[in-house]
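Chain naming follows the written order as A, B, C and D, and within any one chain the residues start at number 1.
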Amino acid sequence: MPESPLRVAMIGNGFMGAAHSQGWRVAPRFYDLPATPEMALLVGRNPSTVGPAARKWGWAETSLDWREAIARDDIDVIDIVTPGDSHAEIAIAALAAGKHVLCEKPLANTSAEAQEMADAAAAAFERGVFAMVGFTFRRLPATVYARDLVASGAIGELRQVRAAYLQDWLVDENAPMVWRLDKSLAGSGALGDIGAHAIDLAQFITGQRLQSVSGILQTLVNDRPIAGSSERGRVTVDDVALFQGRFDSGMLGTFEASRMATGRRNSLRVEVSGSTGAISFDMEDQNFLEFYDGSAEAGTRGFTRISVTQPEHPYVAAWWPPGHILGYEHGFSHQVRDFVEAIVAHEQPTPSFADGLQVQRVLDAVEASSADGSAWIATN
Amino acid sequence: MPESPLRVAMIGNGFMGAAHSQGWRVAPRFYDLPATPEMALLVGRNPSTVGPAARKWGWAETSLDWREAIARDDIDVIDIVTPGDSHAEIAIAALAAGKHVLCEKPLANTSAEAQEMADAAAAAFERGVFAMVGFTFRRLPATVYARDLVASGAIGELRQVRAAYLQDWLVDENAPMVWRLDKSLAGSGALGDIGAHAIDLAQFITGQRLQSVSGILQTLVNDRPIAGSSERGRVTVDDVALFQGRFDSGMLGTFEASRMATGRRNSLRVEVSGSTGAISFDMEDQNFLEFYDGSAEAGTRGFTRISVTQPEHPYVAAWWPPGHILGYEHGFSHQVRDFVEAIVAHEQPTPSFADGLQVQRVLDAVEASSADGSAWIATN
Amino acid sequence: MPESPLRVAMIGNGFMGAAHSQGWRVAPRFYDLPATPEMALLVGRNPSTVGPAARKWGWAETSLDWREAIARDDIDVIDIVTPGDSHAEIAIAALAAGKHVLCEKPLANTSAEAQEMADAAAAAFERGVFAMVGFTFRRLPATVYARDLVASGAIGELRQVRAAYLQDWLVDENAPMVWRLDKSLAGSGALGDIGAHAIDLAQFITGQRLQSVSGILQTLVNDRPIAGSSERGRVTVDDVALFQGRFDSGMLGTFEASRMATGRRNSLRVEVSGSTGAISFDMEDQNFLEFYDGSAEAGTRGFTRISVTQPEHPYVAAWWPPGHILGYEHGFSHQVRDFVEAIVAHEQPTPSFADGLQVQRVLDAVEASSADGSAWIATN
Amino acid sequence: MPESPLRVAMIGNGFMGAAHSQGWRVAPRFYDLPATPEMALLVGRNPSTVGPAARKWGWAETSLDWREAIARDDIDVIDIVTPGDSHAEIAIAALAAGKHVLCEKPLANTSAEAQEMADAAAAAFERGVFAMVGFTFRRLPATVYARDLVASGAIGELRQVRAAYLQDWLVDENAPMVWRLDKSLAGSGALGDIGAHAIDLAQFITGQRLQSVSGILQTLVNDRPIAGSSERGRVTVDDVALFQGRFDSGMLGTFEASRMATGRRNSLRVEVSGSTGAISFDMEDQNFLEFYDGSAEAGTRGFTRISVTQPEHPYVAAWWPPGHILGYEHGFSHQVRDFVEAIVAHEQPTPSFADGLQVQRVLDAVEASSADGSAWIATN
């Protein structure tokens, strides 16, 4: 059976656009996909950048208007990599037009928008049109293997979670203003940008959801230089988010998201302690998973540093021999594989927009808790 | 000038007694102390254990009543290593009798008791009698060096703290009842036993104090077998304590104390992020300190793993050549050195009972916050 | 100036073919190359595999005969990824036909062949035709940065080298026979396959060459099952190669190549000790470089773990933000960039065939030394 | 039964004297020994240092002549911590006088001397007088546990050894002359001082002995300043020793001893690869052992970092709770325990002088190999 093509239009051409492009380009070279993605159309608002971006990344055509992409009959998939404030409008229109949608995280800047998106996705699902939100750190061999170990009972009854996403790109108080520091565009700061990943990953690995949270946000540097100007712009989002959360089972977790964690470039960490074992992951070491097996002979217990690069491990067999590591961008190829397979199989791809909405509600609850003296706030 | 002797009586003969004995025994063999400690008297309540303990550890005499030790004229120092519920009575009596007092942490089981002890110590100080509380993790080369680096400005303005003390000796739900799980004896659980260390160490390294906290306590296993009985006893203390704290400068810190952190045997971690650097410590690796120097040439920045075993490092010159590591017990020798030197110099040894009271108030505030839905509670 | 195309034919479609294909495909998407590679022709001997491989990897056409590729006028570059016994014939013919040649390492199975290839490359160079050998581990940000630090004098006068390439894919004595275990096809075993990388990388980082060596080879498992047969085939190459080498300056280095290093999946390690510092690299951790700066303040000295993922680091700016790691295959994109840039600039790309010949001579000298009781053998 | 005393005289009061003193002092405080060591007599040649050393370390009396110690009836044990050139004379005389002897490693500066010592020990053994050589790194929980794992078959058939002892105290070319750099006193340099440890430990863990070796020695800095003089003294020993060795089974090992390994303070490393597992040890991390268990489920295999601080582990139960680490000096307490227990049990303590002689022969063979162009030299 010949593979049918799946024509993709990507909306947005920033940093995430490069990563998604690499996913669309590379996935079919390593995986046998049931449909072949075609990089048909790149949409950007800036005519001086969208053309060069399309040429560089290999998109066949360009447009300055996302509505055009949605209006075209020869586009099957809309991939949204714009800032969060435009996600809802684009995604809802795309789904209404019968396009499958892959939307970068966070799903939206507010739960209200995210709710509309989830509703639209639910309606589209009935029509065989699928939507997925892009939490790519669920697509790493180590994190999927961690989830599998937990689900298999390898660490017993879950007891505690510690999750953090630590970056340091804002440590310098003269690092310039960018859209990610403007609440009207970004929704929130460290919380929504990277805390969302910590939340999603902790929930993904444990198979449990946060039911309530208590936390606090802080902005450490309140204004920053505006590039090409002598003025300083106001930072309207958090630099640091700290919270505790209670999962379905009553289990507590501690969470931190910081862009001020000096020396930590990109350290997304999740550790889950169970009654008979533990798993520990750090994205700075993303090709390894630490696993403590409490069933090993007493004297030999300890954290085992597993090189998650073997054929036994999720996603790996398509790539290289053991010990030949994967990089940041491989998650995007894995995401394309999973998304395409779900579409062709007419199954809901995960994480769904409903999953994205749930993360958004956790983010909202953390903000509400921070505004209310760290009172515990339910996430639904 | 010949060294004068300093005759010591130690009250208590459990695990901490072995550690303190090693400190008294070994310190004068490596440091030139201005007074020579004599291990004069060991006091224990159990006649069948105190004699063998004294012989094994090298105490000259034994007693079954701490009041006897305090009544003797030939005792200069009372070293208290009993459970926390008896600290106040013994220490206050000892100070009143003109004995210098070294008291294990936590200072007391309640702030009320700790306040009385601090008052007694303040009064004794006026009479040239000194009291110190035993936070020995302040006495490690790595932690003192971390404090020194921070104080020197090597990491710039302090921005964030993450502190945790993770152990796993209660993971097995059939680990037996011990006095540390009984609130009436131990005061609190993970919070007071190991969280107190995380608090003290974070405050020591940053030179700042926690002004308010928001947190939650949890007991994961509520009853445990009683040794020699078919019944199970009730666990009345926390297994896990999670909280955030606000320091003097407004800086936030995240804290965790857990005896359920599967695979983490004894991991006391403190990381401090500053505007131009960071330090990171883990007691499972206690001979190393991680230091991020933001002033290094851009391409070469990263955490430097310093083997804190060189003559430049605190306490080290008296011991071994570089790379020959120290162990857990060396903190007790360092504590003896510092305590003896302060006594002879007629200076207040640190941490004082007032410092111990302050930690106790933080512990109380965490308990109060937990009881009040994680509301922020001032520590004084 | 529009970029001119550079039409590539790749000879060989095994594991290395996938890696090279990824390099040709991806490099122009991240780097602004002065000529655009076109994946024109894939050559393989097996008609049942070459077609699917070409479709999967994105080569426009296929052929069963490498001579056809060389005969075509519309091919500019021949990329050789066959086993070592065919390198010489193909490369020499390609160069004679005016094709630029990229040849996988080791350059050849014998120095005699490698000499002919180097001669052919030297002659081609005079005609503006370029040849390069594919030691891709020279193309990692960490290894180039290590070379740069050494060259800048950051570790002072070089004193010692320790290099090893440890793998474990042959630990199981029932792992099946493959061509890499047959001396007639592979030339040598661990020595030539992975020891060659250790030699090249040590020479690259130090900027010095091995002048003589003393070593020993060993085969630990002498026969292995033949897939689809009940017989066992004879292993005619080494499993383990151990040797010492003397560099230009008289400096000694210790080398190990093993496919029997249980638990070490793909650990290529090079450490260079200098009079004022050191660098240490391990490919299992390839996004980090350890750097010991002896000029740092005494108390703060130690190995700094540099995340070599910042814009300051070689090759990195084209990829992702700091802390977003690169994988095994990125070396192949870097190789394409360097090769294309050299061709367009009419400069000799490195490592040249002469460089590859020199590595081959070191390999030969190790074999000769092993055969002669570990006597020191000059490499030229 | 009351414990009988064991009166000890220690000959030598340098750095190793402090370590041995700590062993004699502390061992009986943690272990229930069948005889109680008494620190009776310290012998040193320098009247200005021996008295203060005795007072500091707690020896009851002092002497300037080791012969006096041997002549005394009330001395049971002679502990020799002098430089290697005096070991033979003292040990042989002590054994002749019926004293048990503990002699620091290396046993002697030459095999001839070591042979005489081993002969004397064998003769003494017949008279119930025991001799042991002090390779204390055999006395660490991690190394004994490694030996036990290997002996139990946990890593299968042994395949390869990599051992190194890396220090950096001579990196600075102006580090001053000391006796360890003078061949007439020290016998050899890095080879005998630290290479001897690597040899002993590799043999201890594998249970095999080196039958032949091929190696090379190098002196990188040939003269060094003499303290208190404007002249430089000649370094007559090696700074670096590199060799391969063949064990009983035919297994090869690679060895390095260096005092020029910049940044490596005290890194004694031994890794043993077996057919079903591996163990890896590094003394800079001496409370941990890395164990690769090839029998674990495929996806979970990796090196497990075992905190060798649990009651299951050798020597540990007498000390602290899990995760409370031991230091350098604990090996000396363990040595005292093992030596005293063997004496009282009338069993040969290990390593015997014959074992020390065997190590000496390996050292001699390495020197001979280095002098003979790295030819393979048998060790007996």
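Keep this in mind: a contact is a pair of C-beta atoms (placed from the backbone, for glycine too) under 8 Å apart; a residue touches a chain by one contact, two chains touch by 3 or more.
Since this is a predicted model, take the numbers as computed values, not measurements.
Seen from the C-alpha centroid of chain B, the farthest chain centroid is that of C.
Of the two chain pairs examined here, A-C and A-D, it is A-C that is joined by more C-beta pairs in contact. Chain centres here are Cα averages; for chain A and chain B they lie 42 Å apart. Put simply, the C-alpha centre of chain A and that of chain C have 35 angstrom between them.
Measuring from the averaged C-alpha position of chain A to that of chain D gives a distance of 54 Å. Counting partners per residue, chain D has 301-303, 307, 310 as the residues that reach two or more other chains. Of all residues in chain D, those touching chain C in their complex are 155, 159-160, 162, 164, 168, 171, 173, 214-216, 218, 220, 240, 242, 244, 252, 254, 256, 258, 260-263, 273-278, 280, 292, 294, 301-303, 373-376. On chain B, the positions that touch chain C within their shared complex are 145, 149, 154, 288, 291, 293, 296, 298-307, 310, 312-313. Those residues of chain C that touch chain A in the shared complex are 15, 18-19, 21-22, 25-26, 28-30, 32, 56-58, 167, 169, 264-267, 283-286, 307, 309-310, 320-330.
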